[in-house]
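Next come two complexes, and both contain chain A; in the first it sits with chain B, in the second with chain C.
After this line comes the complex of A and B, so read on.
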């Protein structure tokens, strides 16, 4: 990681770990982090590789069902979560291999079609998934002798998984593999013409994105001790797309911000007004029309403005644009 | 012969874009392909670089049959190419354009657990090409912000960074001012000392000055081949370019 990234990660970790002490809503805060994992997985495909996946709920749902069923048959929690990440990655491998055969809108529609297939499979196979009623009665097992029934303790488990996941994504974006994904985003044809097997990279990126989403699904299942059919519903895929675009796809922090704003809005506004998605829709439309970079870009722009207002003498290194951008990233993460 | 094509043919429906073309390029030479618009030059390039599969015929590179290899495998075999229309990574910096092209030749090109900038030999090659193309000053600019001439240079640089044995250059002077075109000639001449070059070019002065050998195409077939002096004297070539004199 670059020094700027290191500071960014440290600040984020601090915020995540201190959150329940500052504002005591551990269940909601855990939900934010789970949504953030989903948005992170989505953005690996869209922001890094330039592939719009409209079927991320497939992997979320598979992860959730997998954890639910394994917990019911007595698996330890971490093993169940690991298996969820693995099975979702496998599913994503298949969906990725088949979807990336198409190009443009057809590829997008294929991710959607596989999502619908997965949904109906879960709906029909009610012996296993509980169908419309959901998979119920999941008890949170203790982890290394520590009970997790207390929401705050469970939050810390979610926080740990989230931070590990985010750290891995940061590593990934700086790796040779991550650089190839961006080359594919910028010009797929040329990436092939300089010697990359583009399809393989796309499928691998799908698998990684699926693993993150499956992990999120498993954590979600154990947060509410229940897997609703909604976990694999196409509407959830749409929510994930909205979170990603709301926050902005240009930075790894964008999806986190989008997930947080979306989840908090859904929570507070839906209590006040049943038609709250109207507000979300307006916000979404105006961002798409006027600010493609999303809320993260907005924050960055505001921060630049504020920076410009600071008198010259107060600034170290007015020429070091890179350093300022790095500081900006750090601050924004807070 | 470094590159040999035998009976190369490509049909698009009823249209024969490349018709039974034989081509031999000796290692270390600069070979130009000229011909009027629509003569099939770029299609021939696409066949040689692996972008298109031939309908018939065979291609040998360095003695090995590469006819069945796709473009990715042929780049790895050492056939690098540039495109007629600039084909770079617009949102990436100039340096990253070159670095990512160089990375394609590294065994660690798909590594997940190390930093891309820790691949020393990859960064070193990107640096070398950066200097070779005199783009060092704009190394950190996004490629899309470069002027047209510099983008053409970067296009060439991306091909060089893949460490080719042979370079296929498709109209490198396309869209350049006369001044930039002259500078490009100097650069291609320097390249010809180290690489085998196959060149498509419309700029006749450039072709005559640089080439060791010229193949003239018309209507998808080879019309003539020879040294620049022979081609200059060839009546059929004049006819194809200027039309029959009354």
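After this line comes the complex of A and C, so read on.
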């Protein structure tokens, strides 16, 4: 990991761990982290590999149902969460292997078709999933003898899972594997010509993305002790897409910001005005039109402007770029 | 049993005609213009609500069936010109994202203007009654719906295949650069096609209200089904969209008799199978 990433991760970890102490809404904050895991999984595919997945709710839903059902049959919490990550990864492996057979828009439509199939399967198989009523009455088991009924304690479990997941994604994007994913994004044919087995990398990325989404689904099920049918609904997939793009896909932090903004908007605006999705829709459309880098890019641009306001002598290093620009200016004047 | 099957077959035809209209519109937009319009169902819902208002204010159902699709089409022209055309260079992903945002905007606007409750409209008085099929009465209005749908589809098909303007549109889709070299404004041409496409969705929405009523989110399911039909029929194939729509509608209606749980899963499984095995669709050429 590069030093910049190390500081970034340290700052994020500090914020995540201090959040419930600063603002006491642990349930909402846990929801933000769960949404961030989903957005992270989505962006692994879109931001890193350049594949728009329209079916992330499939993996979220499978993870949620898996945790719910295993908890009901008495599994310990961590084992159930692990099994959720595993089963969602397996589902993503299959969906990824089939979807990446298509190219371009066909591949996107395949992820969509599989999501709809999973949704209707969950809807019809109500003996298992509870159908439209959802899977109800899940008790949150204790972890190593520590009760998790207190929302703050549960928040710290979510935070730990989130930080581990995020750390892995950071390591992954910096690894050779991540470089291959970016090579596929930039030029798939060239990546193949160089000798990488592009399909395998794509499917592996799908499985990882599925594991993250499945974990998020499991954590969500235990947060509300309930799995709504919505967890596997295509609308949830579009929400995940919106979160990712709202924050921006250009950076690993973008989706986190998007997930946080989206979840907080959904919670606070929906109390003020039931029609808040109108504002969200307008915001989203204008981002797509004018600011494709999302809110993270907006923040970065503002940060750079602020940096430019600071007098040059106040900077730590001598600014090589600035000196070069000055030299060019001199030449132009001469 | 036979009368039940006949009625379900007729109901499937009604449903299929709605799918065929919407999918014919989507095949123009997605198959020909290459814009994945995920707001197609939202335009359908808008058509339904506009038709309701026109019929209520003017008292004329016929006027509603004409004005509502036109209004939806005009809105489509604006959306295409101001937004989607400008996103064409950015690629599919951003067009999909824009239309997803547009769904939220249209859906919430509907709730603001008409309320969140579902609409229910009585079938116009001159369509009261129906044909007797065994023990069941099949309403005249549904037969009318099928007829209007069939006539509209035939008219659009004739316009595309047998008129000069239609020939220009097809040429523009085949080779936009060449056509614009011949002095034709391709952007305007495509804008008209987009408007026509969403107007067909609007008409489908207007026609369905007396049968099923209207809900602000009524379009979400239709968007998915329209994509299914377009993919199964073959992207850009007008005949494929119509045949596919009728096929999916009738199959769904008959499945509800024999094995209801499979009716939705089966439809999307068919879509995935077509995408994997025959991406050009059953009627597609490309």
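Worth a mention:
The criterion applied here is as follows: the second predicted complex is superposed on the first by the 318 of 334 C-alpha atoms of A that agree within 3 Å, B and C clash if a C-alpha of one lies under 4 Å from a C-alpha of the other, contacts with A are read in each partner's own complex, and residues count from 1 in each chain.
Just so it is clear, a residue touches a chain if its C-beta (ideal position, glycine included) is under 8 Å from a C-beta of that chain, and two chains touch if they have at least 3 such contacts.
In this text the structure is predicted, and so the values were computed from the model without any measurement.
Taking chain A as the reference, the larger set of touched residues comes from C, when chain B and chain C are compared. Contacts of A:176 after superposition on the shared chain: chain B is touched, whereas chain C is not. When the two structures are aligned on the shared chain, A:201 is found in touch with chain B, with no touch to chain C. After overlaying the two complexes on the shared chain, residue contacts for A:109 are found with chain C alone; chain B is out of touch.
By the touch criterion defined above, A:121 lies against chain C but remains apart from chain B after alignment on the C-alpha atoms of chain A.
Contact with chain B, but none with chain C, is seen for A:193 once the two complexes are overlaid on the shared chain.
For the contact definition in use here, the chain B contact set and the chain C contact set of chain A share no residue.
Of all the residues in chain A, the ones that touch chain B in their complex are 171-172, 174-180, 182-183, 185-187, 189-197, 200-201, 204. Note for the complex: chain B touches chain A at residues 49, 51, 71-72, 75-76, 81, 83, 87-92, 96, 99-101, 103-106, 108-117, 119, 158, 161-162. Residues of chain A touching chain C in their complex: 46, 52, 54, 98, 101-102, 104-106, 108-110, 112-114, 116-117, 120-121, 123-125, 234-235, 238, 241-242, 245, 275, 277-278, 280-282, 284-285, 288-289, 292. If you check the complex, the residues on chain C that touch chain A are 36, 83, 86-87, 90, 92-94, 96-98, 100-105, 107-109, 111-112, 220, 224, 227-228, 231, 261-262, 264-265, 268-269, 271-272, 275-276, 279.
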